[in-house]
Amino acid sequence: MREVAARRVLAVFCLAMYCLASPVAWAAVDAPIAIYNATIIDGTGRQPLPNGVVVISGGRVQAVGPVTDIKLPKGTVKIDATGEYVIPGLMDANVHLLIDIEAENLIRYEGRYDDLIIEAAQLALKHGVTTVFDTWGPREPLVRVRKRINSGEVVGARIFLAGNIIGLGGPFSSDFLPPTGLSQVLVDRINHEWEQDVGADLLWKTSEEVRQRVHDYLAGGELDFVKYASSGHRNEQFIVFSPEAQRAIVEEGHAKGLRVLGHSTSVESLRLEIEAGVDVMQHCDITGTEPIPPATLKVIVDRRIACAAMFHTQKHVDWEMTHSGSGDSARKSEVWRQNDRALLAAGAVVLRTTDSGVWGADTASNPIFLPLKNIPDRSNQLATAEQLWMQSAQELGMAPMDMLLAASRNIAAAYGKLDEIGTLEVGKRADLVILNADPLGDYRHYQDIRAVIKDGRIVNTDHLPATTILSGTKPTEP
Amino acid sequence: MREVAARRVLAVFCLAMYCLASPVAWAAVDAPIAIYNATIIDGTGRQPLPNGVVVISGGRVQAVGPVTDIKLPKGTVKIDATGEYVIPGLMDANVHLLIDIEAENLIRYEGRYDDLIIEAAQLALKHGVTTVFDTWGPREPLVRVRKRINSGEVVGARIFLAGNIIGLGGPFSSDFLPPTGLSQVLVDRINHEWEQDVGADLLWKTSEEVRQRVHDYLAGGELDFVKYASSGHRNEQFIVFSPEAQRAIVEEGHAKGLRVLGHSTSVESLRLEIEAGVDVMQHCDITGTEPIPPATLKVIVDRRIACAAMFHTQKHVDWEMTHSGSGDSARKSEVWRQNDRALLAAGAVVLRTTDSGVWGADTASNPIFLPLKNIPDRSNQLATAEQLWMQSAQELGMAPMDMLLAASRNIAAAYGKLDEIGTLEVGKRADLVILNADPLGDYRHYQDIRAVIKDGRIVNTDHLPATTILSGTKPTEP
Amino acid sequence: MREVAARRVLAVFCLAMYCLASPVAWAAVDAPIAIYNATIIDGTGRQPLPNGVVVISGGRVQAVGPVTDIKLPKGTVKIDATGEYVIPGLMDANVHLLIDIEAENLIRYEGRYDDLIIEAAQLALKHGVTTVFDTWGPREPLVRVRKRINSGEVVGARIFLAGNIIGLGGPFSSDFLPPTGLSQVLVDRINHEWEQDVGADLLWKTSEEVRQRVHDYLAGGELDFVKYASSGHRNEQFIVFSPEAQRAIVEEGHAKGLRVLGHSTSVESLRLEIEAGVDVMQHCDITGTEPIPPATLKVIVDRRIACAAMFHTQKHVDWEMTHSGSGDSARKSEVWRQNDRALLAAGAVVLRTTDSGVWGADTASNPIFLPLKNIPDRSNQLATAEQLWMQSAQELGMAPMDMLLAASRNIAAAYGKLDEIGTLEVGKRADLVILNADPLGDYRHYQDIRAVIKDGRIVNTDHLPATTILSGTKPTEP
Amino acid sequence: MREVAARRVLAVFCLAMYCLASPVAWAAVDAPIAIYNATIIDGTGRQPLPNGVVVISGGRVQAVGPVTDIKLPKGTVKIDATGEYVIPGLMDANVHLLIDIEAENLIRYEGRYDDLIIEAAQLALKHGVTTVFDTWGPREPLVRVRKRINSGEVVGARIFLAGNIIGLGGPFSSDFLPPTGLSQVLVDRINHEWEQDVGADLLWKTSEEVRQRVHDYLAGGELDFVKYASSGHRNEQFIVFSPEAQRAIVEEGHAKGLRVLGHSTSVESLRLEIEAGVDVMQHCDITGTEPIPPATLKVIVDRRIACAAMFHTQKHVDWEMTHSGSGDSARKSEVWRQNDRALLAAGAVVLRTTDSGVWGADTASNPIFLPLKNIPDRSNQLATAEQLWMQSAQELGMAPMDMLLAASRNIAAAYGKLDEIGTLEVGKRADLVILNADPLGDYRHYQDIRAVIKDGRIVNTDHLPATTILSGTKPTEP
């Protein structure tokens, strides 16, 4: 009964605000908004506040507290959220808004990567992910889209971007999907969109040369954070940069006031990036055939270095352990799981990370992805992947509140954005999600979304993505 | 002195006709045109007529003869061609207007194949090739472009088309350039543009089923001639269709009043297509490691079946004989040359055929073409390839007049179009080329073009191609 | 009770004959042998004869009939076969005694192919297959082994051999398993062992040249029958030889008094080989995506051309129909099954054919066979494959007596060897199997073998194979 | 005249000693030998001594000096070397006695690797190379052959061996020539011959685990020195081991009293191995696209770390610079040359190193080596490669005496063997070469060999290799 009422109010509100008609897919509201009677989980780690109210104005949180304590400004638009839950806008510590790097996409949409990125940013937002951290992508299109979203011209999740993974080649390089049958001119041009002069040729350089290149790369000020490869990508057991070069990269990033991420996939590359001083360890739980050594784990926990962990469901892990071709693969899956348990048991700072993006409908028929076909609970599709992460965390016994923090506050903090986003606190950007059911009760409730609000505006999620390109008809994935 | 005068007249004429300004790249002239004082080589095989005149009106040849014999209609625009040579519009018995089937082109330009075809048809026309026979291409785009050219909406060489080579797969099939890394959905869709339900799956069928499929394929009436595979394309020593199936295809083509071409690459597949009754044998001079047997040669000559011969320069052949990896390849080159000499010696009906089209600038950097890199005088680039054919013919000792006929009358006759085109005779379409020097003196003069006239209209060759896509910046080729 | 007695008698007999000690793995018996009190199924199609006796002497059957009718010669060794069944020696119409053509085998055992062939011939014999028809193998080693077996020097199944499949390349050619990383010198040398100058280069030749080559190939008189390719092997939808060339091959074979087999995999290649006059059609039931046309089926039945049919169990067929990657593959499996039913319904002459041989223990770990890994009831392993064929036939509803004939008399007749082998009739070679249970009751009983007798000698099956090379430790297969 | 006399004396001597008849391919001489009237270049760097004498007894040098100063023991066999030159036995700092790791060799000769190694050791000795350092090979066969040579049972160059390059996989791994079409069982077995549990899986380990594995690997005491990978082999720009792991390896080697070699191919991996404390840097002159930085060069020179340098002739380098496919390859060749010049100019300790071994006759026809086909002065063939190195050194302007030291004393010193070999000094092993012409005059004279003496015995080089397997008929190479 209450729910029906609530929906009606929202519907009235939306009609008033022209939600449905809005070409920019959301409602601009100048008046303050108050979401009241909700249970508020503010993302600080504090207990949920029943019968709370959040007041939003000027794109920011103006007040949070018990309904009884907060006085609403005049002219406030009131949204009755009785029986509902308000949480901070969700985040993903590791997406690739342009992830579908199949040759046919990169060729067909060359010159239109902005559109693909917008589509992905809108899909994220539609599912309550108000902020994404793009950790590998084409710098210039991402910068353009970030600007258009921040200016309000285009609706979409807030984007923070790293551009290239320093030391790795572009999508058509041997580090990713080396193609056949394409001209070198094309291959080089597409790769350059990602590499931006900090690609694999850096591996030949001295640490001083690496430092200079990274310095130049960061000079433009376009990047929100820095990511580099400590391990190889396809040659995942190799070390990419010497300790000296790694330190040079980290120092250059820090000198620009940026957080620095390392990409590692072995115990030694993990250790090296920690010693180099990274702030976030991408997939710190992937260490090949050897689990994270106790000494390394201790440093991770003591220094509270953020672990972007690639959780998987037990069903997925079981499959990998039993079906993967070789003993080595099974061993790696086992170690991976072991690391996840160890990180949680030790109280490491964990971030939700999914490596996801939008995959087109044709992908499923691409033979290069055939080996992935029967793997259960495997997804790099935005929204799906994030929910699988939550399911996995729940299966791993993570506390519900920790799960929420891993998908919001911890990420903001790790990337140095906690002043602005990550919790529902006065003065911060008003990014929040209203859920119809308690997210601390079951991870599934994270997708029982009543409304998404970003920068204080209610997102017209029904209209997202505004233009469907890859996600169009029948979104699939490898 | 005379030449200078002639050029001046043409310039004046062109200005009057808005040649240079014409957006459709040619001049529409309603008044009769007379090209006078030229040496006329009418393409019938008759001796050149000095001081001749050709009168054009209504798109057709109204008169041909000695200046002294022909009386010009009133209001005739006169073009002084003193010292120049008038020949019929040239032809190519075997082009692929969309030949650059590299994955990146077929993906990037999907939906725009018409534009690529127009560009190629305009490049052909620019070089005096007023009619091309497209023997393998995407049917629907070709049909659309043919219609637009024939209606006068678009300028370009006159197109006759076969669509698919019956029995072969599309560009992304194992018969041509099987790609890697593309989705099956895409591969199937692109292949279908060519295959049109008469692709490689016909090899599984009975001859009656093949007959039915070909019948259906021809039912639409869109095709100008029929082509089928007697040999495989990549499996060039295999036989594609049984004799019964071959006969069924030929009969279906003939029943629709169409000429039928066979694609063969061995002595047996050549013999089978002859016995099936083909009208034109594509690259009849390619028979692998065995030369055309005397008995087969006799039938070819006796029945005057048209031989579309792939001549190459001696330099090219020498290279192949000495540089090709294996003894087999050298042997094939030797046999090829031997066939060419034998066909000429026996007086076979020879057609100029080049397998050419337009290759884009990036092609040269495509590793799949690396093995072709150093081969001299190798070209599938329109215009270049046709001149190389002429050079080769001259090197082979072909009579100059026979070379001209091979590039005009013989082709028209072989394809059943001699009523309308192929020679400069009264009543035929006014397709002709005015050359500055005697083509019977040296093959190079075929490219010393003063003017190209198609359907009685002077082509503004400077404006062709109107839009440059592949041929744009720096046309190259594999 | 009776069984125990019978075994005791045999044991006594064997001891007397030095079975177990025999280095040549069988017992030489000069005295006549009488197997009495058995049910005799003589392989002529007649009803089983209870309480029968078979008398063997001089390597041949001297008498067959009711115990009560036959008078035993003096000195006859008597074998009590009460409750047991005597059938003709079994056959396989299509084996490859050297089938494991993985690079590592052909390289490691180069110069020792004879040993591999002997091992396979002994494994066949051990399982009651007294005669095999090797339809593709290295001619010289096969000829040598045949000679050694026929001379009695080596024990093994009787071998009839074709050498190469005319028109196909050797094991390292693109028709079979083209290797990488091997020197061309090696590749050519190994291929030549199979090709013997009637390989794939014949496809370039005229039918007269093909005839001459085949003539020369047969001139040595070493071959027992002739096999040629009507379809390609990997390019299975292509036609290898023109009808004229096919007729030339058949005529040359027949001129030498040899039966001729065709290899076909499509409806048209099947039809062509029939029209060329083949005596046996290898895997006539494999016709790709189109079932055998009624007209073709009628000819097969009317002319009683032998169908070497590749039956599979229903479980296998079901798997293929549901698990094979593409629609085409499923369609082919369906057509295959449909053909098998049609051939049986029409009363075609069917031969048991298995394409089997001996695969080594390491094969299972060869990645090239990975796609075959999970296919049920798939076997090219000698003995296993033959039993699967029997199981399949029973599932298809074939009459028990017809199954026996398909594995004995029909094969002998098809290959023109019925005068000597194929049934238990007076004067024929004494090749027979004593079974402990009724083979007409269930196909499994074919492997409930009490004794195998070849050329009148009791085979010491426990000692076979005498030397284990591939079948050694843990015989596997792809 | 003198030369003729000398030859005659040797011939007499040899006859007396049964050189030609000796089945062990050399002459056992118990009496002291004196080589007199020779110019002696003792390999210490001292000026050549004219009219000198070397006295050998008990396998060691008993005296070296002017003829006039040395008193010969009684019963000394005298060899007149008037006009000839005596130098220390030559060395190669980097060979692979079993280098021809083509699949066909490793399969065919499995179980006979000892024979291949003996053949190579004999070929080296035949050409004056009395000592080789095998830096990557199958440990157990090498250990066996070393033992047989040292015991005198087999003649051959003195072998010092490292076994595997720690961190790299075996010949069939992705680090070398990953095969297709072979069973995994075989691949694993062959790889294990090289890897010996210190293969590529070490890359997953912590430095402590690496240390333990190396400790275990060295525990058997079979190895003469240690080699590990600082760079990858095919992934040559990657770093294999962290600095900590590299140090652990070096420490373990040193703890066993062994010299340690690093394999590096980039400026950073070179620096890392230097910092880890390696004694010899394999191909220190290969650093990809960046030349050795000045700071690194300074350390190399100051610490006198041995540079095993891969010199090439100018013709070779020119070809690489102009013909290699990409700009990167040309750049690498240029840098390589630049490094060689810099090392020489700076006075680095240079060792002759060739990466050579014996390649079989069929190799030249192996398609995997096709890209190498036209490269001039490219050789990994024993003897040829060593002479090319000398030619290259001469072209680079290296002083003749330094060239000799690079091929003798420097190598012995770098590997810690100078007490026993490397120079012609009293008490050392009597390994020496008698040349017909002055090696300091021209590098070609190193192959103008009159006699090779190892351990005081005259080698019967005409009989080497005793058994020809790979080098048999027409030795070629990739």
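To keep things simple, chains are lettered A, B, C and D as they appear, and every chain counts its residues starting from 1.
As a convention for this text, a residue touches a chain if its C-beta (ideal position, glycine included) is under 8 Å from a C-beta of that chain, and two chains touch if they have at least 3 such contacts.
What you are looking at is a predicted structure, and each value in this text was computed from that prediction instead of being measured.
Per-chain CA centroids place chain C at a distance of 56 Å from chain D. Averaged C-alpha coordinates give centres for chain A and chain C that are 63 Å from one another.
Contact of a single residue of chain A with at least two other chains is seen at no position. In terms of inter-chain touching, the protein chains here make up one closed cycle, each touching precisely two others. Here the chains touching each other pair up as A-B, A-D, B-C, C-D. Those residues of chain B whose C-beta lies close enough to touch chain C in the complex are 200-201, 203-207, 209, 232, 235, 237-245, 266-269, 271-272, 287-290, 293, 328.
Residues of chain D touching chain C in their complex: 102-104, 107-108, 110, 177, 179-186, 361-368.
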